[in-house]
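These notes open a run of structures that come right after.
Shared between the two complexes below is chain A, which has chain B as its partner in the first and chain C in the second.
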Partner chain A sequence: MNNARATQSTQAQERAPTDWKTVAMQRRIRKRYRAERRFRFFGIAAVVLSAAFLAFLLVTMVAQGWRGFTRTEIMLPIDFPASGMMVERAQLDTAGADLALAGAGLENAVKSAAAAAFGPGGESYISDNAWVSVRKAIKHDASVLDRKTQMRVPASSEVDQAMAGRGTSEILAAVAKLKNAGLVSRHLNLDFLKVSDSTDPVAVGIWGALKGSLLTMFVTFLIAFPVGVLSAIYLEEYAPRNRWTDLIEVSINNLAAVPSIIFGLLGLAVFLGSWSLFGYRVGPLLPRSAALVGGLTLALMIMPVIVIASRNAIKAVPPSIRDAALGIGASPIQVVFHHVLPLAMPGILTGTIIGMARALGETAPLLLIGMRAFIVTPPGGLTDPATVLPVQIFLWSDEVSRGFVEKTSAAIIVLLVFLLAMNGLAIYLRNKFETRW
Partner chain B sequence: MTDAPHKMTARDVSVFYGEKQAVKNVSIDIDMDRVTAFIGPSGCGKSTFLRTLNRMNDTIGNARVEGQITLDGEDIYSSGMDVVQLRARVGMVFQKPNPFPKSIFENVAYGPRIHGLANSKADLEEIVARSLRRAGLWEEVKDRLNDSGTALSGGQQQRLCIARAIAVDPEVILMDEPASALDPIATAKIEELIHELRGRYAIVIVTHNMQQAARVSQRTAFFHLGNLVEYGDTDNIFTAPREERTKDYITGRYG
Partner chain C sequence: MNAFALMFLVAGLGLIGWLTARSRAARFDRGGAKRLHSLPAQHGFFVAMWVVLPALLFVAAWGAISPALVKQTVLEHPAASQLPQFDFERDALLAEASRVAEQPGVAAFDPVAQQLVAPTRAAKVRYDWIGTAGAILLAFAGGAYAFTRIRASFPARSSVERGMMLMLLVASLIAILTTVGIFLSLLWESVRFFGQVSITDFLFGTHWSPQVIDPARPGRSLGAVPLFWGTFFIGAVIAMIVAIPFGLMSAIYLTQYAAPQVRRWMKPILEILAGVPTVVYGYFAALTVAPAVRDLAVAFGYPYASSESALAAGLVMGVMIIPFVSSMADDSIAAVPTAMRDGSLAMGATKSETISRVLIPAALPGVVAGILLAVSRAIGETMIVVMAASGAANITLNPFESATTVTKQIVDLLTGESEFDSPKTLAAFALGLTLFVITLLLNIVALRVVKRYREAYE
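What follows is the complex of A and B.
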């Protein structure tokens, strides 16, 4: 305090010492406090608002989506001996069991059982796939074929909706009666995670899209991470600084901002297009709708993000570390791989995960390269037709059938969990590689 | 003694940072059995010149070196010179301590490991222990070789860097103010080390401490504004400098 006054008086001899108690000073202090309070209020308001949005999203998703993980099941009395089905018992233990049961008219037998149990039109109470559960039960225990029995089978979409209070008055009344008799109920059903797309909302599953996403992310990571990191290393550590590298830098920064749909068009043209070269027709190089093409396209898209993040992380490594290693005779490549890269790794990984998360949620470019097909069997490999989670969500949200609403929400939950898992992995890796100085 | 060929020679060496000339036409000889001290006011180009001797200036984008520098008669700026090997032969201790963010052991073992100097784990441990002992750090760290090198005090870090430099067994050691962060005891250890290493290595040391220059060196070079003002036997420089500027500096009349 004294000091400050002393320097002030040497600078301006004639100035009187500052009086901190004047009205103007008090007003300035009050104003400062007000500004402080105002800023804090807006800060808290912003945080609360975003937290509220997030909570709203999560609550609505979970509220709608949890039903996606359950299934309405209906108790179906079925009298096999009376159904007139002829099944060769010996075949039930072989690989041909499915075929034998289908050939014996199981599907019709189940439908007539439903009609018999629930009255005329009763077959519409059970899911089109109900006979598949019956088949499973028979394969599990063939002795049911000899008696009259009861089985829980998936209910149809109408019954399912009626359970939620939607539908015509007749079906609502019928379902209410069944419900009171304890014949229809909802059960946790993780088939949603095990099966793939279907036209019947009761029977759809997310597994095909999830597997498609996994395969696509795998390809994206495998291409974008090494290429991106190596480019960053080259540009930071080796490339001369001249107009060409400046140009490359500007291009990469611009590429990071290019809308994703443009990358879809690029992927479409490069991987799926065909050109004539020297009079020969070349292409398409890769199959449509495949995870391989999707992964390559998304890799193109996130590479600039990885390059930029990696360059910044590499730049942040103190030059003295490079000097130290060079000074005892480490070669440039040893400097990079022994010292710079390990220190830059946390930053590189953070950038990579941000890019991967963006790729995971990307829909538009994948629609362009044909990953919007109706895929009933999960892709077996990188070149099989596949779809991915966000595209599946997009497709289901477009369905008119009411039953798809909750499945869409359930798929969103799966996507969010996937994203969380990826971020969790990133945080784990970052902490693992973090160097304590 | 004076007839032996010089370990390193510099002839008309100039260094430019872009347009700015930081070292002007310096010619100097560095001998095997002598310690050469560089003295001079801050910013006069001592570090810059020192860095030309093992081509650490290569890493600075806009630095340019003119003139000729030889090691054992071989031009180190010729295209045939392997820079990596040169830096292993001409080691360097930097002005600011810069240990790797790794364990103490790894810091010292890194050089021998990349150059394949140890043929067994025991051998490597032996090299590490010997280097740390020579740098006067062994007693303080022998029980915690796995602790991080960056967790040491500033003076300990600098001695760790010295141990790291001598672990690769260089022929010439360039030290840029190695004792500027050390207490008198540690400084004495470093000076002892320099005495011990003299004869086995050619040593160049930059220092702002006149007494230290007088104590450890046999030859002294006085730099001023990028020029080599005076270069000669330490005894002569400190007792009978030829140049007025040298005299002013060593008597402390010069900033």
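What follows is the complex of A and C.
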């Protein structure tokens, strides 16, 4: 063994220095440089393709979704005096105005006006909710009831799709005629942000889902933030090193990697299931499909994220600050709550916002705990049936009607804007308050 | 009064307790010759703690038991004798009565339920008042007890700090409770499932069709092998074929080649990929990628290609995992001592030779651990497969055919209309338990490897 190595080294010494100018060597070097360039190219390609995929995703969503923020409106001539509606003028200024107008047969009046204006079958050109915008106009200015007037009302889903060139040849021809007469046009639709789910794609909105998301996030924050920060403080500052604290650490690290759907199963079994305890039948503890249950489930899911981020932030505060505070007589609790925690707060908040952003985009656990109902009225409280924005996106993506595609993409744009804003805030906080000790 | 109003009330009482106790303690300070043991604010916190904690514990406990008390009272009402004996129907009627009782001006659909509305409302109001009175009484009692104890020499600070410590400990125990809760709830339902279906049928059966279950032997159509294969095929094979080269090569390029300026911009951009909600990926996969993949398959000569192919779901999942693989690879490459890299470069190796023969082999344990974590994330990923993969359970090697996964089946089983105790719903929990155990094992192995590897270079 030793012998062999010795001969090898003598051989190496005796060997003539490499002649780099020979053809063989030149070729070899060229080959190695080619390999180098190839490798580098693969690297660039990987980065560029990944970024391109992201760009493609975003561009697709925006291209499909921008149309969801607009709607087709159709100019509808209405002759109110001829429609035979009996409305008490005095009632229009009271809270009973909606009821009075509905009772006077406004819906039918609007439909027959459409049939009169666009010929037989004309009522199918306007949305089923068109009379609601007429009602709004009447409440705004009651004098229209005395004359023949024109109003822009939302068009039906078929007309809306025909504007984008989809539909049967009859409807396409009819819409082309209306378009030439300047009667149909597209307008910004702010109702999309103000109303809730519906079966008609032109009448849907995201407000119900958005409100459900906000309520759910409220519960999540209220539970996960204090519990996460307090347990991070305990583990980082006070916990003795023993088997129990090791167990806590291991379970937090593992919880951070548990698939989100498992938390849905937990919520389903614990909060919504009924189980017997000492012979008593307990549960369901909480109402199904409520923001409260969703918030609790998501809180358990993001708590490990907050704990881990908070621990890192607390760890980054230099020990000299603790020593100085202890030195002038602060108690261990005062050291943490007066000195360490304020200094660690930016890091903790950054981690919390990232955790909350994750909770905001989460769908699977909420599907399991039943937040997938068809919700027409926005939830009024934490225990009302609610849905959230990602689940609404999932539900709309299942709809067959073509009109839902653009609405789904529009809802995705809203969700992404929220997430980008949250992540941007986190980055801003980190850059602004980051301290290098 | 509802629970939230009650909590606000208790918190308000706590604030009052804090203010009075603090001002009293401040007066000790001015008049007495002796020094206070604690600051006035600490006396305030001591009293506030005694006001708030017992009352809140009572509110929580009352919230848990009062529905049962209401039910008991309503069942004793004469009208309750008309209720059906069957538990399920009776509970539905009681729930309807209770729902109507909370909304004035609404009538119940069922006449029996309508009769029970008034007694339910009365019982609710009564127990609400008892709860409110109890909470306020406890708040005052606790406050009075604490208030009599404060005096100049009283060590309020130690008491408050003991209380704080207890709170911190309880907060950190919640993590353990959650883990135990997950494990027990999954285990409990799975045990019930395996009481009806034999464990070997479930784990080794190759036929999965939960839509048609033979009541005599439910295990025949609940064999989970096709699901395990589909999960492995989509999450660990197709997704990784995308994620590993892309993630690894972008990490290498960004750490070794790119200018700092490029790195500073590209790294966050790639991380956005991980921040996009999975439901958006799912929608994208179902609407854009899946039809494209099917057209591709038809062009390749598979006329019967599925529009819910394993390939579409796997591809998009792989893209989602890229930043995950890349940041793990980034960390482990950065942990390789620079001396090794410099040594290789000094010997005349080109950059790519250094990377592929020195850096990657040295960083391999970390990279492998990262890949294991990525696999664990991919197999637990739900929305992409729910929206883009099919429900048909096939064992296939052809990426253009459909395959289904464990997570997709859990969602399908639990969102359908079926009662809670059927083998169908319970199967979801058994699948969940399997998923939990597998991801847990992957994580434990990965963390072990990372830890060992870090120690090797420190």
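Everything that follows uses one rule, which is that the second predicted complex is superposed on the first by the 373 of 437 C-alpha atoms of A that agree within 3 Å, B and C clash if a C-alpha of one lies under 4 Å from a C-alpha of the other, contacts with A are read in each partner's own complex, and residues count from 1 in each chain.
In this text, a contact is a pair of C-beta atoms (placed from the backbone, for glycine too) under 8 Å apart; a residue touches a chain by one contact, two chains touch by 3 or more.
All values derive from a computational prediction rather than experimental measurement.
Asks: Check whether A:E406 is in contact with chain B, with chain C, with both or with neither, and answer first, second, both or neither.
Replies: It touches nothing on chain B or chain C.
Asks: Give one of first, second, both or neither to describe whether A:L343 is in contact with chain B, with chain C, with both, or with none.
Replies: Only chain B; A:L343 stays clear of chain C.
Asks: Counting only touches as set out at the top, which of chain B and chain C does A:A35 meet: first, second, both, neither?
Replies: It touches chain C, and chain B stays clear.
Asks: Touch check for A:S331: first (chain B), second (chain C), both, or neither?
Replies: both
Asks: Examine A:D323 and indicate which partner it touches, taking first as chain B and second as chain C; both and neither are also allowed.
Replies: A:D323 sits against chain B, while chain C stays out of touch.
Asks: Which holds for A:D197: it touches chain B only (first), chain C only (second), both, or neither?
Replies: Touch status of A:D197: no partner.
Asks: Is A:M303 contacted by the first partner chain B, the second partner chain C, both or neither?
Replies: second
Asks: Between chain B and chain C, which makes contact with more of the residues in chain A?
Replies: Tallying touched residues of chain A, the top partner is C.
Asks: Considering only the contact definition stated at the top, list the common interface residues of chain A for chain B and chain C.
Replies: 331
Asks: Within the complex, which stretch of chain A touches chain C?
Replies: Those residues of chain A that touch chain C are 32-33, 35-36, 38-40, 42-47, 49-51, 53-54, 57, 60-61, 226-228, 230-231, 233-235, 238-239, 247-248, 251-255, 257-263, 265-266, 268-270, 273, 275, 280, 282, 285, 300, 303-304, 307, 331-333, 357, 360-364, 367-368, 372, 382, 390-391, 393-394, 397, 405, 408-409, 412, 415-416, 419, 423, 427.
Asks: If we count contacts the way the header does, which residues on chain B are in touch with chain A in the complex?
Replies: Chain B residues touching chain A: 54, 56, 59, 61, 84-89, 91-92, 94, 96, 98-101, 110-111, 114-115, 148, 150, 161, 164-165, 167-168.
Asks: For chain A, which residues count as touching chain B in their complex?
Replies: Against chain B, chain A makes touches at 241, 318-331, 334, 338-339, 343, 435-437.
Asks: Over in the complex, which chain C residues touch chain A? Could you list them?
Replies: For chain C paired with chain A, touching residues are 4, 64, 68, 157, 161, 164-165, 167-169, 171-176, 178-179, 181-182, 185-186, 188-189, 245-250, 252-254, 256-258, 266, 268-270, 272-273, 275-284, 286-288, 319, 322, 350-353, 355-356, 373, 376-377, 379-383, 386-387, 407, 410-411, 414-415, 420, 428-429, 432, 435-436, 439-440, 443-444, 447.
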